[in-house]
Structures are given as structure tokens and as C-alpha cells.
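Letters A, B, C, D and E mark the chains as written, and numbering starts fresh at 1 in each.
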Amino acid sequence: MLRFLIKRLLLGTLTMFAVSLVAFGMFFMLPRDAVATMCVKNCNPERLERVRVELGLKDPLIDQYTGYMKGIFVGRDLGSAQGGFCDAPCLGYSYTSSEEVSDIFARVLPVTLSIVIPASVLWLGLGIGLGMISALRRGTVFDRLAIGFSLTGASMQLYFVGGMLMIIFVYTLKILPVPHYTSLWDDPLDWASGLVLAWVALAFLFSAVYARLSRAQMLETLAEDFVRTARAKGLSKSRAYGRHALRAAITPIVTIAGLDIGGALGGTVITETTFGIQGLGRTAVEAVRLGDLPTIMATVLISAVFIVVANIVVDLLYAVIDPRVRLS
Amino acid sequence: MSEALLRVRGLTKHFAVRQGATGAKASVRAVDGLDFDVHAGETLGLVGESGCGKTTTGRMLVRLLEPTAGSIEFQGRDITTLGRRAMRPLRQDLQIIFQDPYSSLNPRHTVGKIVAMPLEVNGIKPAGGVKQRVQELLELVGLNPEHYNRFPHEFSGGQRQRIGIARALALRPKLIVADEPVSALDVSIQAQVVNLLRDLQRELDLAFVFIAHDLAIVRHFSRRVAVMYLGKVVEIGDRADIYERPRHPYTRALLSAVPDVAAFGEQRQRIRLTGDVPTPLNPPSGCRFRTRCWKAQDVCATEEPPLVAREGSAQQVACHFPEAVGVVNEHVSEVAA
Amino acid sequence: MRSRAILAAGGVLALTVALGACSENKNTDSDVDTDRVASGAIATDPKDSMGPAKAVEGAAKGGTFTVIRQTKISHMDPQRVYSFVGLNTAPLYARFLTTWKDDGKGNVTLVGDLAETPGVNVNKDCKVWEFKIKDGVKFEDGSAITSKEVAYGIARSFDPDLAGGPTYIQEWLANDAAFDTKWDFKANKTSLPPGLTTPDAKTLRFEFAKPHCDLPFAASLPATAPLPPAKDTGVELDNKPFSSGPYKLVKNTVGVEMLFERNEHWDANTDPVRNAYPDKFVYKFGPNAEAQTNRLIADGAEDQATLGWNGVDSSLVAKVAGDAGLMGRTLREPTPSAWRLSINTQRVPDLSVRQALNYAIDRSGMVKAAGGDLKVAPLTTLMPPSTLGFKKFDAYPADIEKAKSTLAGKTPELVLVIGDDSGAQELGTQVKNDLEKAGFKITIKVIPADSKLDETKKKDNPWDLYLDSWAADWPSGAALLPVLFDGRTIKAEGNSNTSYINNDAINAEFDRVLALDPAAQAPEWAKLDERIMKELAPAVPLYADVMFVMHGSKVGGVYIDSIFGYPAFTRAFVKQ
Amino acid sequence: MTHDAASPPYLQVDDLRVRFSTADGEVRAVDGVSFGLQRGRTLGIVGESGSGKSVTSLAVMGLHDPARTRITGAIKLGGRDLVGLSDGEMRKLRGRDVAMIFQDPLSALHPFYTVGRQLVEGYRTHHAGASKAQARQRALDMLDRVGIPQPDRRFSQYPHEFSGGMRQRVMIAMSLMNDPALLIADEPTTALDVTVQAQILDLLADLQREFHSAIILITHDLGVVSQVADEVLVMYGGRAVEHGTVAQVMRGPQHPYTWGLLASIPSLHGDPEVDLKPIKGNPPSLINVPSGCAFHPRCAYAMKPEPCAAQVPQLLAVQADGHRVACHLPEPQRISTYTDEIAHVGVAQ
Amino acid sequence: MSLSQIGTDAAGVDATAVPVAPQPGMVGRSPGRLAWARLRANRTAMVSGWIMLFFIVLGLAAPLIELLYGISPFEQFQDKIANNSLPLGYFGGVSGEHWFGLEPQLGRDIFIRLVYGLRTSLFIATSAALLTTALGIVLGIVSGYLGGWIDGVISWVIDFALALPFLIFALAIMPTVTARFYGPRDEIPVPFRIGVMIFLFALFGWTGTARLVRGQVISLREREFVEAARASGAGLFHILFRQLLPNLWAPILVSFSLAVPGYITGEAALSFLGIGVVDPTPDFGVMINKSLSYAQTDPAYLIFPGVVIFLLVLAFNLFGDGLRDALDPKSSR
């Protein structure tokens, strides 16, 4: 297990390294000139050139890359125009937003977390719950409704669901405010009411997938001998299914959930666009549009970290759930 | 006896595994130095409990697994390290039947295609056409030749096993390794398949390596029997020797543990072995059976007993303290307590 | 049973369909005074520059005024402010040399802000200017503002690290576009740039190599805000500017929220334009125009004293316009942001083709494509009506037949470049369809929206047509026509003259008019506008943006300023 | 062998019928099976796959899905009819009065929980007042009793750390946690090696003596039955075809199917060169059971069409005490056929 | 509940394992035919199959429909647009002439644009699904069967591809690629943009199929029929493509049929973000992106494309589900 983990960590690092290289290379292939975008009315070629030098864009590519990566681990001096020395982990200074990228993240990461974490709790709960109940009541009306729900959900587009939710709850019934983000610590109620539609829309779509998956898993597990053993011991249905079947059925779901949540943390672009909320996803999209290298690098790296870490966490969770993995 | 069809010497297979938290490399000594011969037209039974290496041995004989050491000579030719192409002509004489009648047939192929596969792979075009040849084979194994275009899922377990046998016969082999060919079948069907194999052996002069854990079936089908324990042959000999005059304590214990209908009503002297078979990852030193042997002494832990024949007999045994010759393992009629 | 779930989903859809279907969409009167013409002058009476500002009817002191906006303000450092939101927010926490008295209806007067008058043209040749700083003006720490701090503020705008702000004064002082190479601020922090002197604590003196009659206008930009050298935190000033205005920034969560509270040292009696009624100003960032509008339509308790900076979203214009109650909480004024279809005259040298382009564009369709007449107002002149001295004319009334006959059977193949944002694409489609009706063959080239800005500013850009807009920094033709059409300014990249027109006669006219007294210039610019259109047709004027903003029910005193066309807060108050 | 006919049997199954509805049709898994079993005795149920032997035992445990399964007849356990009991009532009996051991101990034990936890859980379910320590002590006692060395170390290990035989011992320990009066062992040794099988069978016999419980041993192996069972019930196509004491069935089998089973099994004795006598054909499908006697298509002695292909034979007593058989052949013919044609081949000498 | 499953399994009456004595002389029912029979018996799958077919025909026949309908997807009807840039009349300007009404602002006909959008969308989705499936099969089979370092490398590449944020890369790759292949004055042809989208999907989408196939192959390669082929001297090609591939068709077909709706959604999402197809080419994503902001003032504009794309995806999903049930009857019921 330990060896396996070390191997996973090494591979994850290799992945991150490859991702950073690709992201960096991608920026230099982009047909965009971040510097030219920065000047509004009063540009001249000399000034543009000087800014390029100042930002280090004239350095050899390798130096630029190593400089950026070094900044993450030990910090680096960005020059007076970019606020001087940037402490590790330095994600650079945004060309277009005139602030340190870590400041941008401090702002947008809570937004994305606020969308993804409650939504994933909701979709996992709803999806797994529905799937489990519908597996236990296979063939009943409930089961068929649940299947219908999951197929409908799986066939919907987030922006369409989001749009319809807003039409219904915000514009027609007027029981919810227009989606927006407020910090949880400032006003929990406003935080929730501003994001609840995003949670519901995401949960609707994702829970559909989980309901299908967990229904199939549960059906498979219910056919396992150990569930029969549990019943033969005289355990109640709820205990036999809730403890014995659920725990075994949940393992493959953990894998997918880990990857989904990891992926979602890396950016919920469509959700953010649909509900007009500025999180990591839209920040990333705008960074690419503006050719803002430090922000591109940081967003790509952060979302990749989420996925790589999610992968490793899933492996760890596996070990927690399944002692066979733990001890092998 | 004539020149052996198959000569196995020192056949060994170690699997590398990682174990423990550190993932240290270790090797599972699945098969550890086997010697035996199989002659044309005869059956060698290979018995032993799970994990004794009999299946691994079978797989190595047909080159599905690469031996770690030792040699396999087939028809006088060393095939231990032959490449796929060089192996091809020999494959025709050396086939295998598998245990699981469900997984051994490709569910997406018709019976005809399954049986014809060895022909196709080896580019053999029999006179009269592939179809005719396949239908002959089907008939040979007791299936309706009209079933040529049917799919495996339409057949029962016994019938599927017949299809598997037909496939093995397609190249007219001289030796068939039969790996637990009946253990997945219902009792009433087992007898059908065993009878079929016996008929085929008589008709086609086939040699078999018959691998099974069921001692009664092995006895019924094999003239010679090798008993394996933890990757080693502990006793090998003629059927009568092994079943009537076993010399290795393990063979005796094994035989006495078989619940035999025929023994109903008789009180038998049961040898109760304690514990389980040790892991082949770390087999006991010396004699591998010593941990469960009631006769074990100090020497058993230090010296590995060689497989030796009693003078004037083909029966070989690997034991420091073999049973005396002539002790018959008959059901002993003693009054129960 | 699966079908049942689908039926349920269908039911929800049917419900919403029914909701949407119950009203008929009709043409409505937009009620925007698009023909409004600006008038104004530079104050000659020093009394105009004296405080306090005229009281606003119905206004009361107190309350918190909230502004919501989608994205953060790029710069708060007055020397770096150049965005519209920055320009209209800066007056809250900074004072400038001059400023505009504005009734929000196009009647403007330039007055002194920190200065006692809007500048003295010492030799009447526009080369030497003097400003006297008022008495009693103070920073947020109570220290007095003198000409030294104003001069330091101007000096630091030479620092390339502090780029972003306007560059007029720097370029004029240095007499060079590359002003920062002429005078290095970092190396000379204790001295002042050439031509800028402070003979005493009250006086600020500019000496230019060339006449710059627009200096009083240029001095109205926030770059003339004062700063004590000791308070210069460099790039950090962006997050925490040092206040000279009626409010100070007390809390700044970058990109999330800014809180302004009163600067107790600000004296209303020195200030001719700022009433400073609310106790606090709060800026909140995040919601897009649609969300802002929806919140304001709802007029919830916390949004009643709120203004949505990004305006009524075009998708909601119909909803707001259809409701008199909502319209009562909107401001709708034409702005100086003028859109035109620039013609790259290097690539389209044939005047008749450029004239045919002008004839072919149907502005009523353009208005619909751009979001309706509450969003834009059609424009046939290069200068928007908000320019001082504006005169309406239409050199090429829309007429497909006329366009065809002007082309005389030619089918010019032109490439129209647009950005990849969705609004531009609709306009592109509209332009293409209009032009193709007249016989043009148009290729639409989509490039990233942001790079379009700078790519078309490159002299040798490969395109024929592009959509451009320009908003002058002050309502004078001088800040528009010479900037956009003086061919002598053309450089390799970073051009404003994106038509790349270079006509000697017109260039000479620019020089002539620029040397006139500002008051005399206004009618001359209008004449020149018409002449450029008729003789050169370097662009097709399309429309001017209409500022259509909405606010909560307790907002009062906000007006759309006549200079930039955005909401201004100097007279804002919260209804009690 | 004493057969205490006076006291009523602890388990009495009467005309048990179990049917499942499936997409392909109704499965008549058990079709009119009756038998009784005293405490302290072992009944071996023998049959091939699909004969209904496992379904019978699951019916006794009440482990079928009520929505898809129709169970009629009576299953009386200590006088109480289990058919029609609610799941809640049935649950109280399961694991306490009647316990079960399954074929594959690896899959029957939950892979994610320790052995101890799984043992304790079964005990505490039926001993609401028992403390954790009591339950643990009970579990340790039972582990020790079934011959697991170092029970307190093993207690906190997971099933995959046990060998096959040890796992089956754990299963047995688990089934004995609540002193059940009836123990159902469904092919308990099929997955095990012969030497381990012998250990487990011995253990079961020891435990039965100690706990005086009734045991149903389900197996396809007549050899196992002949060693450990007191009575034998032979099943075919969902029906009981022969029922009697081990001696009766082994020494004088009356049903052609039983003959077939005995003749087709190779033995360690007798002449290995003589061919086995397999039963021809294949076991029937339970969806489409042959009419009349389900065995008639494979039966060498069937009288077709009447009555074998037309009427279902009743399980009727033969001369010997308590020996019953369901066959249309007249009893004398059965006896003569057996002694003349069958007894000398195969195993039954 | 599946306890009956236990019961039936124990009784050995698993439907596929019922021993049937085959009738002599008949051609056997192949697993494919059995699946087809099961599929035909599934009413939901058949209905959704027909709807799917209807949409496909509609997309293919778009030019014909344009001819009959008499309106081109680029034609503007701005005289039917009010000065607030919304269509005149009720429910987004629905009328006998314009069945689904008009777009706000430009005033183009929504119905005919949807029909053409369908065409674009289906083309991209099926091509992308085909390409990713083909790539996934090859890499999955190779990785699963050969194992060892090849498997290690392919698995790592899968992990790597999964770690790349798709949308960000799509956003970056589209302009990069177009700038590489087309001069600044060239209009990017629609087919090229579509090609790049398909390429993007292929680049990121093969991992799912590859993983699936790899898993299947790993479980299949230990099957005895594969060993039987090896024991007969079969070469790698024979084993991969003759023995293994036929057994992979079921999962591949299912994953293909579920990939198509996935890519329909994905295409719309890319276009929604302005990466994929751009105006004036008719497209679902572009339409929904624009219509979203008209949710209040012109809901018809959101609902028509939204419902059409929903029905399209639903039909594909239902059919894919039915296919899965038919090919693998044990999977879900």
C-alpha cells in the first residue's frame, strides 16, 4: 500500500509536470498578445516592447518556465511594476488584472468551492439515495420513476436546466434571489440562497448519473453472498442493506465521485456562466481569452492538482473502505 | 515401455509478487522441480489439493506459461524455449482441455468457428473442407453435426465441454492436457464426459495428462498417478500402487479423507490432517509436508527427501519415513468406540 | 413509466411556455433624447469654481449608497485611472485641478476643482498655463494640499510602473510620445518633469513647447489628483489610494467589495461640484448586468439604495421598458461612445467603394441587432451629439440602390474582422447581410475579442473593415477628430487612426482648428466632421451607445454625466 | 439407529412449493416437498444443480424476495408455521433458532469487516441486553470451539486473512453464536479440499453431538451424505424423489435417479477399467419441467407415455420403515431391477 | 430487491444458462440476434429509436426542408422585430410562417436554424463518437492485453489526459489551430472548425472508451478461450481481433451510443462558450447561449432549442440504455 502510494505520488508529480509544460507551451502558441491588450488609448511600439521585457516575455522560454515554476516553490522577484517580491507559493502576477494571481485565487476559489462542495454533497446524497432505494424496490413505481428521473437528468443540459430554474424560481415565483455569491462567513443565508439554484442544477444532472450507477452497483451487491449472510444472521433489512450492502456497493462510486468532484473543483465553467457567478472556471476562461499567462498556468495547474489529488484520495479512500487493499 | 512422448525434468515455475507494506519482492514457488514422463496412449493423473501447482504444471506443458527452470521434451524435442512459430507444428500434437465450460468457449463464435479455430490459426485446410472436418469432430464427441452454426450459450455444461474436447481434437493431437475437465459439471454429467474421454483415448490412441483434485475420477481414468503437494511430486506410480499401497503419508491422508459412497457402513481408519496447506510463498524447509505430518521428525525440517523408487518398482516416493511396503490402505474394519 | 417523468418535465415546460406567451410584444417609444446637443464652456468667472455645490432638490444627508458592478475597477490609483468606472468613481476620493459642472443633459461648464479657476493661459498662446490651488483643501489626514502635491502626482504618472492612465499632460510636457524616456521618474523622485514648476505652494505652472489649448480639459482627468510623496506606495496605491476628496477608502477587499466613508477633512465650501450626501459608498463586484438588473427590478430592501453600473441588460430591456414603474427608476441618456465601421483606407483606397459602404448600411436594422433603441441611438456623424458644437447631418442616407449605383457594378470582396464575443457576432452578421444586399462580398473573420482591439491598431493589419468605438476624454472635437483621423500620427502599432487616413488638407485643418481658442473651436469641428465624411468617407458612423441604467427606489441625484456618458455620483443621495 | 417416532419432529415441511416469476416464465423451483427432522439428527438433501435443494433451505430461512416469490405449504419450526410470517417476525428466528452456513465462505463473509465484528453483530442482534464484552467473549469462545487457534488475535482480522478451511470454521462459529436448534449447511465443503473437507465434516458432527441441533446438509456429493447424514432426501426437478435413512437409501435405493447417481460416481474401489454408467441427457429446466415424472426423459425404465410422462408420481412409503420413493415402477420391479442390474456395478456392493 | 436473484441463481435457472437441447438443422441464434430480439421487445427503446431516426433524417434532409419551408437559416426578418429588438407578436413571434418564432435582434427563423443546428450537432457528435471509440478500442485492447510497460504508459497518458482541464485547452487550442492553418484574411470555414472540434473531442474523449475496453480485455484475457487460442498457436492479431474484439462489441456499442448524446451536449457546451461553431452557422449551443439571457423576455427562444436538444439527447440515451439492456440483460434489471 505504502509503495503503491509512493508510486501514485510520483506518477502524480510527473503528471503535474507534464500538465505545466503543456499549459506553458499552449500559452506561447496562443495567437494573442497579452501586452498589447493591456494598453488602452496611448500605445506605442517602444512602450509595448519595454513592457514585454519587463514581464520577462523576451527571455528564453526555458528561463520563463523555470522562473515560473521556481516561483511556486521558493518565490521570486517580479519587479516593481508587479508589486516586487512574490512569496512562495508564487503563482505570478496577472498581466491583465494587475494583481497577484494568488489574490485572484483567494477571491474565486471560495466561490467555486461554495458551488461544488454543497452541490456534490447534494448530488451524492440524492443520487446514491435514489439509486439505493430504487435498487431495493426494484420494479416498483418508485424504481421506475427514479429511472425516469435519472434518464431525464442525464439528458439535460446544465444551461438549459439552469435557465429553466431561474425562470421558475427567480423570475416567475420570485422566491429566490438572482444567483450570486456572498461569502458564507458574511451572510450564510444569502450565501445559500444565492447559490442554491446552481447546487440544484448541478445536483440534478450529476445525481442522475449516480442514481444509475449506484442502482446497478446495489443490485450487484445485493446478489452477493455476504448480504444473504447478514440477513441469515437475523439482521434487519435496514441494517443488512444499510451497512453490509451499502458499504460494498459504495466503493466504485467513490472512484467516480472522487474524479467528478476533483474535475468540478477545477472549474465549473458552464455553471458559472449560466448563473453569472465569477469562480475559478470563468477566471480561467477569461485568462485564456486575454492570454494572461500567469493566470492560465495557475488555473490549469490548480485544476490538474485537484484531479491528481482526487485520484490519490480515491485510492486512499479505497484503502479505508476495503481492508483487502489496505493490507495488500 | 517405449520412448516417452513427454519428458519433464526439473520443471519449475516461480511467480514474482510483491508483499507487505514495503512491496518487497518475493516469489511464489508454484512448481518446484518436477520430473515425470508420459508415454504415448497412456494417462498420467496429476492429483493434489488446491495450490499444489498442478494447474500451473498443465499450463507450462502446453507453453501457456513460461517455465522458470527445467525442461520439457516433447517427441524427443526440447520445447521449453521454442518460439511461437517454431512451436506451431508441435502444437498440433499437444492440446489442452480446460476446466470451465463457460469461459473456455468464445461466446461470440459459432460452434463451427470454435472447433475450426486451431485449423484456422495453423492454416490447415483439411481434405473435404473445414466444415466437414468440424462436423466429423462434433460427431466424434457425441454432438449433433448440425449444431455447427449454433452458439455456445445454447448448450448445457456437458455439451460445452464436448465442444471444448472437439476443439482440442481438431489438430489430431497425440497428447492432451486435461485440466480438471469435469469438476465444473454435475455428477451425472461428469460420468458422460469421463466415458467420452476414455472412448477417445481408446479410439485415437491419445495420451493424457489428467489434472484433477478428485481422487476417484483420477483413479478411474489414469493408469499412472502423480500426487503433488506444494509444487512438488511427493509420490508417483501406477494406479494400483498409489491407491492400494500408498507410501507417502500425504497420499494416505488424502485417500482416507475422500468420502466414498462405497465405504458406507464401514468404519475406516481416518487420518485427520490438521491445519491447512502452507503458503507457497514461504514453503516449509526440508520436507514440505512435515508441518502437517504425524510422522515428521527433525530430519524432515532440514533435509528435503528426494523422489526415489523402491527397487524393482516404478513407484517413487519422496519421504524420509515412507510407509512400509505392503501396508494396504484398505478400509480397516475396526469396531468404533 | 419513464414516459411519466418525461411528461412531468413537459408539464414544467408547458407552464413556463404559458407564462411567456401571455404577453404580446409591440413597438414602444424609447423616450431617449437622441438629438440632444451638448453646450458648454470653460468658466471664466472664478465664482463658478467656488463651493459649495448647489443643493439638490429633495436631497438629504446620510445613508449608504451602493454600486454593483460585474468586475473590479482595474485601477484606483488616480494617476492610473482611465476606465469609465474609475473616472466616475475617482471624484469620490480624489480632487483634480479642474472638473466639470454638469446638469446631466449636456450643459457643461469646466470649473476649477483644486484650482481656483480652470487655468490661466498666461501668454494667450496656450503654451504657458498657471493654476492657483484653493485655500482650505486637505488630504484625508488633514494635511493641506499645495501645488507641490499636485505636481508630484503629475510627476509620478511618468513612472512606467504606474501605467494605465491618460498621457496627454506627460506627452505635452515632454513634447514626445515616449515621455518616460525623456524624463525618468524613478531616478528623479525629488525633482519635477521638464516644464512643470511650482513657483510657490499655491501655484502650479506648465510650460509647453507647443500650444495645448486643451490643457484645462486634460486637467479634469483624475491624473491631476494630488499625492504627498510620503504617501506614495507605488503599485500598492491601487489598493489604498490616499484621499483628497469627500470620501476615503476604508476597506478594500479586492474584486469583492470597497467601502468608502466620509473624509472629515474635506470642506464642502471649497468644492463646486460634490454634494457628498450619503455617509457611505459601497461598491460590490460580481453580478453581471443581467443579475444586477434582476435585483434592481426586484427592488429588495438591501438593493433600494443601489445602482447597477453595467446597465439594464439588453435581454431585459423589453421587460423594463414595458413597465412604467420600472422605467421611473431608470436613467436613459445618449453617451459619447460612438461606434463606427472603420474602413481601412490603405486597403480600400477607392472613395466610391467607401461611399457605397456608407449608403448600404441600414441603421434601423443595426439598432435592432445591437439591442434596440434603448441601448443605442443611430448616428450619421463621426462626432456624437454630446460633442460641443455638434451639428447633425447625414452625408450618405441609407439607400441600397444608391449604394449599388455608386459601386457601378463592382463587387468588392472585403474582409470584416470581428471579435469572438457574441454581441459583435450579431453586428457582424447584420453588417455582412446589409453590405451583401448592395453587392459587396463580405468575409467575416472572427478573432479573439481582446486581440481584435490591438490587432486593428497595427498599421499593416490585413483587414478591410472593423467595428470601432471611441469615447473622447472631453467633449471637444479636438479629443476625437484629430485623434482618429490625423494621418501624421500613424505608427507601426497602437494606432487610434484605424482608418489609416492621411489627407494633407484635412491634417492642415486640424492644425488650424487646434490653435484656436477652445470656445471658438466647437463649430469648426462640426464643419470638419462633415467635410471628412463627404470627402474621405473613412468610416461608416453607426450609432452611439445609450446609457440605460437602473437603480433602486431610494436612489436620488444620480445623473448620466455628459462627458463620459456614465452614471455620476457627485450629487447622489439616498432617499430617507 | 434409533428413530424417536414419538416426539414430533422439530422441523416439519409439508407440501412446500416455491415459485419465482422471471422474465422467461414461472420457475417452479420447489414443487411439493415434505419431510420432517428431529433435533440431533442430520438430513442430507442430495441433488444436482437446479434440483431445488438450495431453494428449499432458503425457504426455511425465509430469505426469498416476497415480491417475486410465491411460497405455499407449511414450514413448521418447533410447531410454528414460518410460511406467511412477516419479515420482522422471521428476522427474530433467523440466526437464533435457525442458522445457515453457505458454500463459499469467502463470499459469504463481508470482506470489509473484521471476523470478530461479524460474529458479535449476530449475537447482539438477538441478545439485546448483551454488552460488547459479553458478545466478544462469546465470539472468542465460539472461535475457539470451532478450532481456530489464537482466537483473540484472529478476532480482529479480516476474512481474506484466513484460509478457506478457517473461513468455513468462522462461518460455523457465526452460525452457532445463538445456539440454533436447526442448522442448515448448504454445500459447506464443496469449495474445500478433501483434507479440509474431512476436518469440517468431523467438526460438524462433533458440534451436533454437543449442541443437539438438527442439521440439514445440502450437497451434491453422495459420499459426504453417506458419511455424516442420518437421513437422505434425494431431489430432482424441484421434487423429492426418494427419502429414507442413509442405510435405506444407500443399501436399497428405490428410485432410478438414485441408481443413476450411485452408478455414475467413480469410487476408490472396484474395477477402474469398467466404464461408469452415466445418466443420459441433462437436468431439466425448472421453467419447463417435463410432464409427469420429471425424470422420465432420462429414465431407462420409464413407462411411456403412461404413466411416467403423464402423472406426477407421489412420494409413497415402500415396505421398509420410513423409506419413501416417488416412482411409477411397481415396487417389486424396482427391487429386482436394482439387485439384478445396478447393484453390481458402480459402488454399491 | 434481488433476493430472488439469489434464489434463482442457486436454482441454476439463470436465463442464459438454461440448457436447451438445440433443434437440429437450425441456424443458431447468435448473441447479436438475441440482443436484437430483446431490443425489439423493449418499447421505450424502440420508440426512442424511432425518434432518434426522425432527428437524424431531419438533419440529413435539412436542405430539402429549407426548400419546402421556404426560408433560409440566414434570412433576416427585421421588419418583424420590434424596436426593443424582440420579435413582434406572441411567444417569440410564433406564426404560421415562422413555426418556432424568430430570433431577437437579427430576426432569423428559429425553426430552420434548429433543423440545420441538428445537422451540425449530429454530425459532430457521431464523428467524434466514432473517432474516440476507434481510438479507445485500439489503445484499450493493446493496453489491456499486452500489459506491462505499454499498459503503464497508456494508463499514465489516460491519467494525464484526464488531468487536463478540457474547456481551458479547447479554448486555447481552437484559435491556435485556426491561426496555424488559415491566414488572417481567410474566413475559417465551418467544416474546419467542426473538424477541430471533433479533433478536440477525440483528443480528450478516448480515455473513457480506452479504460472501458482495457478493463474488459483484462477480464477477458484470462478467459480460457483466449488460452485455448494461444495453446493452438494463435498470434497476437488473431487473439486481439478475432477472439477478443467480438466480445467487446457489446460494451463498445453501448459506450458509443451513450457517447453520441454526450458529444451533442459537449458540442453545445463548447459553442455555448464561443469555442466551437460560431454565428452565423446555426448551432444549438450558440442559440442557447444567446437565448439564456432572454429567459425572461422571450422564453420561447430558450425553450425551443432547449427542448429539441433535450429530446434529442434523451432519445439517444434511452436507446443506448435499451441497447445496454439488450446486449447485457444482467446489467440493470
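Here is the rule we go by: a contact is a pair of C-beta atoms (placed from the backbone, for glycine too) under 8 Å apart; a residue touches a chain by one contact, two chains touch by 3 or more.
For clarity, every value in this text was computed on a predicted model and none was experimentally measured.
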Practice task
Mind listing the chains that sit against chain A and also against chain C?
Solution key: E
Completion exercise
Max Cα-centre separation from chain B goes to chain C
Problem - Contact-richer chain pair (by C-beta pairs counted) among A-D and B-D - result: B-D
Problem - Identity of the most central chain, Cα criterion - result: A
Problem - CA centroid of chain B to CA centroid of chain D, Å - result: 31
Problem - Gap in Å, rounded to a whole number, between the CA centres of chain B and chain A - result: 55
Completion exercise
Separation of the C-alpha centres, chain B versus chain C, in whole Å, is 92
Problem - Rounded Å distance between chain B and chain E, as computed from the means of their C-alpha atoms - result: 50
Fill in the blank from the handout: Note: chain E residues in touch with at least two other chains are 1-3, 5-6, 19-20, 175, 289, 295-296, 299, 310, 314, 318
Exercise for the section: Hunt down the residues of chain C that sit against at least two other chains at once, touch-wise. Expected result: 2-3, 6, 9, 13, 16, 19, 290, 294, 447-448
Exercise for the section: Return the residues of chain A touching two or more other chains; collapse runs of consecutive numbers into ranges. Expected result: 31-32, 151-152, 164, 167, 171, 228, 231, 289
Problem - Residue ranges of chain E in contact with chain A within the complex - result: 1-3, 5-6, 9, 156, 159-160, 162-165, 167-169, 171-173, 175-176, 179, 261, 265, 268-269, 272-273, 288-289, 291-292, 295-296, 299, 302, 306, 309-310, 313-314, 316-318, 321, 331-333
Practice task
Mind listing the chain D positions that touch chain B in their complex?
Solution key: 48-49, 163-166, 193-199, 201-202, 220-224, 226-227, 246-247, 250-251, 260-270, 272, 275-280, 282-283, 347-349
Handout entry: In the complex, chain B residues that touch chain E
Key = 59, 62-64, 84, 87-88, 91, 95-96, 98-100, 103-111, 114, 117-118, 121-122, 144, 146-147, 149-151, 153-157, 159, 164, 167, 171
Completion exercise
Listed in rising order, the residues of chain A that touch chain C in the complex are 31-33, 36-37, 39-48, 50-51, 54, 80-83, 97-99, 103-104, 107, 141, 144-145, 147-149, 151-152, 164, 167-168, 170-172, 174, 177-181, 183, 276-278, 289-291
Fill in the blank from the handout: Touching chain A in the complex, chain D uses residues 61, 63, 67, 87-88, 91-96, 99-100, 102, 104, 107-114, 121-122, 125-126, 158, 160-161, 171, 174, 178
